[in-house]
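Quick one: the structure is below, and I'll ask about it shortly.
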Amino acid sequence: MSAQARSGPVGRGVTERVGRVDPLLAWIGFLLVVMAVGFATWIYQVTNGLGVTNLRNTVMWGQYILFFMFFVGLSAGGLIVASAGRLFGVTRFAPIVRLAVLEATVAVMLAAIFLLPDIGRPERLWHLFRYPNLTSPMIWDIAIVTAYFALSVTYVWLYTRADLAAARSPLALGTGDTPAGRERDDRWKDALAWIALPAAVLLHSITAWIFGLQISRGFWYSAIMAPMFVASALVSGVALVIILALILRRFGRLSFDDGLVSFLGGLLAAFISVEAFLVLAEVLTAAYPGVEFEGDPMARMLTGQFAPLFWFEVSVGLALPFFMLARRSWRASPRMVAAAAGIAIVGIYVHRLNLVLNGLSVAPIGLPPGVSIGTAQNGASFAMSHFYVPSLVEWLIVAGVLAGGALLFTLAVRWLPLRPAGH
Amino acid sequence: MRYVAPKEATVPDRRSPIDLLPAASREWGRIEPPSDQPRWGMVVDTERCIGCWSCAVICKSENNVPLGAWWNRILTEGEGLDLPTTEHGSEEMSWTPLACQMCENPPCVKVCPVQATYVRDDGVVMMDNERCIGCRYCMIACPYGVRTFNWGTPQRPNGLETGMVAERPIGTVEKCTFCVHRLEEGQVPSCVVSCPAGARIFGDLNDPDSRVSRLIRDREGRMLLEDRGTRPKVRYLPARRRRGL
Amino acid sequence: MPAAPDAIVTINRRRFLKGAAAAGASTAAVAGGAGLILLGRDHPEVAASTGVDRVVRTTCSPNCTGGCGQLAFVRDGKVVKVQQAADYPDAVYNPRGCMKGISYHTLIHGADRITTPLVRTGERGSGAFREASWDEVLDRMANEMRRIGERWGWDSIHVFGQVPGSGYIQKGANYRASALLGMTHGTSFDFNGDLPMGMPITFGVQNAEHEAKDWANSRFLLLVGANPVETRIPDVHFLFDAVERGAQLVVVDPNFSGTAAKADTWLRIRPGTDAALGLAMAREILAADLADMDFLRNFTDAPLLVRLDTGLRLREADLRHDGDPDSFAIWDASVGRIARVGTDRLGMPGGTQAALAGTFEARLADGSTVEVTPGFELVRRELDSWTLDRAAGVTGIGAEMIARLARAYATAKPAAILMGGGSNHWFHGDLTGRAMGLLAAMTANIGVSGGGFSVYVGQYKVRVNVGPWFNPGGTKARIVPSIYFLRGRSETMHPDVPYPANGFHALVVTFANMFVQSPDLNRLHQTLSQLDLVVVVDHQMTETVRWADIVLPATTWYEKTDLTATPLHPFLQLQQAAIPPVGAARSELWIWREVVRRIDPAKAAEFMEVTEEEAIETILAAGAKDNGPTAGITLDRLREGPVRLNVPDPDIPFGPQVRDRVPFPPVSMPAAPEATAAFLPTRRIEFYKEEERFRELGEAVPTFKDPHDDGVHDPVTYPLVFLTPHSKWRIHSTYGNSPWLAEIHGGRPLVLMHPDDARDRGIADGDEVEVYNTRGAFRCWAQVSEAAGRGSVTLPEGWWPRDFVAGKGVNELTASEVNPIHEVHFVPNMWSPSTGWKDCRCEVRRPEGGNRA
């Protein structure tokens, strides 16, 4: 190829090549490059230490954990949609169930992967299995993530098994496509739905409990944390399913009518209102007594340092998509629904950002000079608060992982029968 | 084993710094005879504390803590480092030295996914830096903000390795250990030795007659953030009531 | 595992338990195979401390009052930990030390450490040097010195070093070499502004303070201009000991200092007005009849009659032709007659009732009569003008509060006054000292444990007989107050000052950071033009080093042998080398030996071929005579640890005077007793000074005068007082480059100002500001807080110039004029011009283009 390019006139050779390249391959190539950059950056981070991030003792969790939470949410949301449909007999979901399950699978994988760059000694990850501490929500979370991953892979397989078998794909694991088999699949799907729904709820609740059980931070220590996480999972999960479904329909990989989009839009609006309600409940409970422990972070959020984030979350993240979806006629436009879904996802991201940053950025005991930053500084090495913005390293690694997820999803979309038979 | 510098193996005639202390110095730092099952605790007298940071500096030196990290620090109850508040209409200021509180109910231990932070039989909340995976969950969980992560290759003034314990590996969390390496040899923690104001007292909480137990009883030693239920083994004696002219 | 004996027992028991647990656990594992949950529970046993090669007991000795015993822990030839030795036999002193001392190893092996001799290659002050060999720099130095000595006289070479208490041997080497070569040696105690001139004027001593542990015996502690929480860190706990026993702690300070934070009462005073407070308190004590008049009669000059015609004291020689010119007179009210008072013993002649008030007639030997009055009458007249209201107006402290303070102080017994640099570092600091001394005498708090008037300033005190070491073959160095090096001779300079006939042509600075710490820095820089040679001996790359022609790398106190003792605790201590000299560093004794050898080999052979140990033994032997302070102290005992000097316990001044009525003044080492006795012709505590200059200047009795500031800054253009106290984080400039301490305080000079003063100038917290007056200007950052009083701004001295945005630092602004009262007598460092750092006005502005917070 390069020889060919070199032989001809430069301009023409390139145009020719680009012209000939399959867009899918270009996309995959692009993802591979981003992944490679991300991986190299991670190696750089591992050798030099996490100091290359903008994390410090003051804000010790940031971008990576944020994306972990976020993807756990996306995953839980996807699976809840899929299994709720099944459990409560909402057949309208049928055209997108496989997508939802696939999305859940990829998302939970990404979530797990996001833990890797976050920990200081990734090569000791096996310690989690060698020395598990059963009182640690982190261990519960890892357990549920693992279980959940297994569950969703099984789910994906069950949904596609028969079609794979029909196509004689090795992914069918040697099973055949028989009516009896399809029936058995259905029974299993029903059975699994009973597990998957609570598992999905639990997945996100446990992630919430990583934060919500910590008495160290008034902003987090709250019983509403788990329900709120589930609500935001539903919002972001459904939103992502909507967007992905529309994209795949565009590429002809799925087909369904606009009515489903509109229905999903309505569902999204409902989830958004639940989320908004929980946010209100939380804010009120924390702010009302006016006590330091919970009130201070709440004040920072309502009127202080984090007010821009919070009010963005409320106005753009919650109110705007809700109103975009409020009227049936607006909801009828897939574009409108897609836009609202996109905005809602951003809103949830900002919500998480707020949660992590506001929870951490102020020294737990608010007396000067604060906590030690942890790395050699030019000036004082203590800080009362820390304005955290992810470093380039963090962005590159995140991009790498996201590219990996996109690649996986692309491949799955390309090779798995997403369209149920009969559609 | 964790704390022995690799160098030591190659230099056989090195001796314990405690062994080499002048007799009077060793005597002065000796731990009050403990009970059969000691539970170590510390008392900080805020009446006496002058915010000098000697305890913080010796901690850094003793424990080979790199630049930018402190296991022990002194909070000013005021508007800035050594600046008073004027909240009650007149200037007021005091200091609160803060290191690991050695909680009886330590959230850091609960959350550590790999039991890298754990409680010893003597109540010391301890780190196993060979096991720590560097998730920093313990830092999140600690309500006192006393833990510090090894963000990179440790930097030291002019590369000078200080102290009496080996450095901790990159990517792991560290904190005050109550100077367990000294406890092993019957000596009080370094910060207790080095407090010029006599504001730090160390001893066995299980012995009702130890100095720490008596001080806590007689002067109502308080726990920091008592409402969090962590039940620290470090207690703070309140300042006296002032007698104005 | 090396361990203390009883620790071994613990470990064994623990091992046993561990073994048992392990056995149990493995049984369980084999039996049930249920090890999983227990898997995480086995943690490595924590080992004992990492080994070291050596632990050496030595003494911390920057220019600090501490003199703390430290242990140096050495590994691979480096000091890896410094920690308080805590081995004082008097356990109340344990552990002596502070955060600075225990961080010193970061400087021994620090980035600014000078490890080789350096020769200047660029302009002076450019900091451009090349490395050179010892032979080269010593030869060059010797040649230059010889040339200058022969051309201008050896006394034109000025050696400036700091107070010797922190190192008699090495600092003594400076004196010894100066004596041998005929160079002049500068003073430091007075140049530091630390010489409390009120002391020689009133008590005839250089200074006299209670050893720190005696604070604990007090019932009332009045701190004026002293901030022990920050500047006397190893000792401040004695204040708390006193408080624990029921004492009251009152702090007088314009700022809310660390010490104010610990006070029962903090009185914010207008800077430079402590004397007015003292006078009003004295008046109130008299008015409330709380004064001990008998103490005044017996121990002070209060009853001695003063002639109203001449202002001189009435002497026996005035009354009778054959009368003793050194005997004085009182008015015996019991018989209405004059009675003679000698100077050989304190007290009053038996059966007399000496008048302290009134005016009387005395018939002189020539038959004339003059009016006479007891000295105290004159004091009282001055006090009468110091009504509470007047003092309140001057000091800013409420009248009622002053009255309460006076009564509380006078009724608590014993009560101590602790004065510090904040009150002393003024042009008229002597007047403050005299007023405070008056308070202490009126309440009979002199010579009693827990009482006293103590001024705690630099490590000035010579506690042992250093004569045989400082003065080779009995020759003494010519000692010139350093202020005259800075300003040239003054009109009123005392004739005994050996000011060099041809002025100064060379400067050798050692143990001092003169170009940061001297007052009136820009004036100091002007002296450079006349100097042919500037040599600086130091181990850190200080600002002063940058101005040198030749830099000699000194050893730190962890690399050499010395002998130390300090005012605050009466222990003699050895400095012992913990590590070999870093790089090519050498001790001062070695350096001077080599210099003298090159200039005068014969003298070097006779006087400089001495080891530190020999020098110490000489001093010990000299001080042991007549049951002296070093009686019974040997080098071997010092090697074991600190040894308490042969002084009373507690070591308080004036015991023999008050107990045994021995006349004042006690000896101030190293001055000859006669020299300081001349300060007190009455051999009593003197409140009335009859010397002409006192009377001319209206200072015959304790009074108050407004701050002076060289008389150049009017309060309208320069409305702010510029205070430069000592920083908690440094000893002057030493430790200013400590990486650990900078991590704590942030490494930026912040000038503290009151919110109103800041607002008036449009300054916000954290803004870059310029502080200036007619003498200089520098830029730093503002710290706005009510810790500052209105009308004054505060920036601790000692910041390194490189830490400022611009300028040489605080001493660009400080004043340097000589107070003529300090020139009435001359005994170096004892009655000699003291400086006034805090006596300085300034203005603060936001410079154009300066960064805002």
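Lettered A, B and C in written order, each chain numbered from 1.
Just so we're on the same page, a contact is a pair of C-beta atoms (placed from the backbone, for glycine too) under 8 Å apart; a residue touches a chain by one contact, two chains touch by 3 or more.
All of these numbers come straight from a predicted model, not from anything done at the bench.
J.: If I average the Cα coordinates per chain and compare with the overall Cα mean, which chain comes out closest?
T.: Closest to the centre of all protein C-alpha atoms: chain B.
J.: Counting C-beta pairs in contact, which comes out ahead: A-B or B-C?
T.: Result: the pair with more contacts is B-C.
J.: Could you put a whole-Å number on the gap between the CA centroids of chain A and chain C?
T.: Their C-alpha centroids are separated by 67 Å.
J.: Which whole number of Å gives the spacing of the CA centres of chain B and chain C?
T.: Using C-alpha averages as centres, the distance is 34 Å.
J.: Between chain A and chain B, tell me the centre distance in angstrom, where each centre is the average of that chain's C-alpha atoms.
T.: Taking the mean C-alpha position of each chain, the two centres sit 40 Å apart.
J.: Which residues does chain B have that touch at least 2 chains other than itself?
T.: Residues 67-68, 70, 79-81, 83, 114-115, 131 of chain B each touch two or more of the other chains.
J.: Where in chain C do residues touch at least two different other chains?
T.: Those would be 40, 743-746.
J.: Could you tell me which residues belong to chain A and also touch two or more other chains?
T.: 130-133, 369, 377, 381-382
J.: If you look only at chain B, which of its residues touch chain A in the complex?
T.: The touching residues are 66-70, 73, 75-81, 83, 96, 98, 107, 110-116, 131-137, 139-153, 155, 169-173, 224-225, 227-230.
J.: Using the touch rule from the top, collect the residues of chain A that touch chain C in their complex.
T.: 130-134, 369, 377-382
J.: Can you list the residues on chain A that touch chain B in the complex?
T.: Listed in rising order, the residues are 48-52, 55-57, 60-61, 115, 118-122, 124-125, 127-128, 130-133, 135-139, 142, 210-211, 214-217, 293, 360, 363-365, 367-369, 371-377, 381-382.
J.: Which of the residues in chain B come into contact with chain C in the complex?
T.: Listed in rising order, the residues of chain B that touch chain C are 1-5, 7-8, 11, 13-22, 24-26, 28-30, 33, 47-48, 50-54, 56-58, 60-62, 67-68, 70, 79-84, 86, 91-94, 114-115, 118, 120-121, 126, 128, 130-131, 157-158, 160-166, 177, 180-182, 184-187, 190, 193-198, 240, 242-245.
J.: Any idea which chain C residues touch chain A in the complex?
T.: Counting only chain C, the residues touching chain A are 37, 39-40, 742-748.
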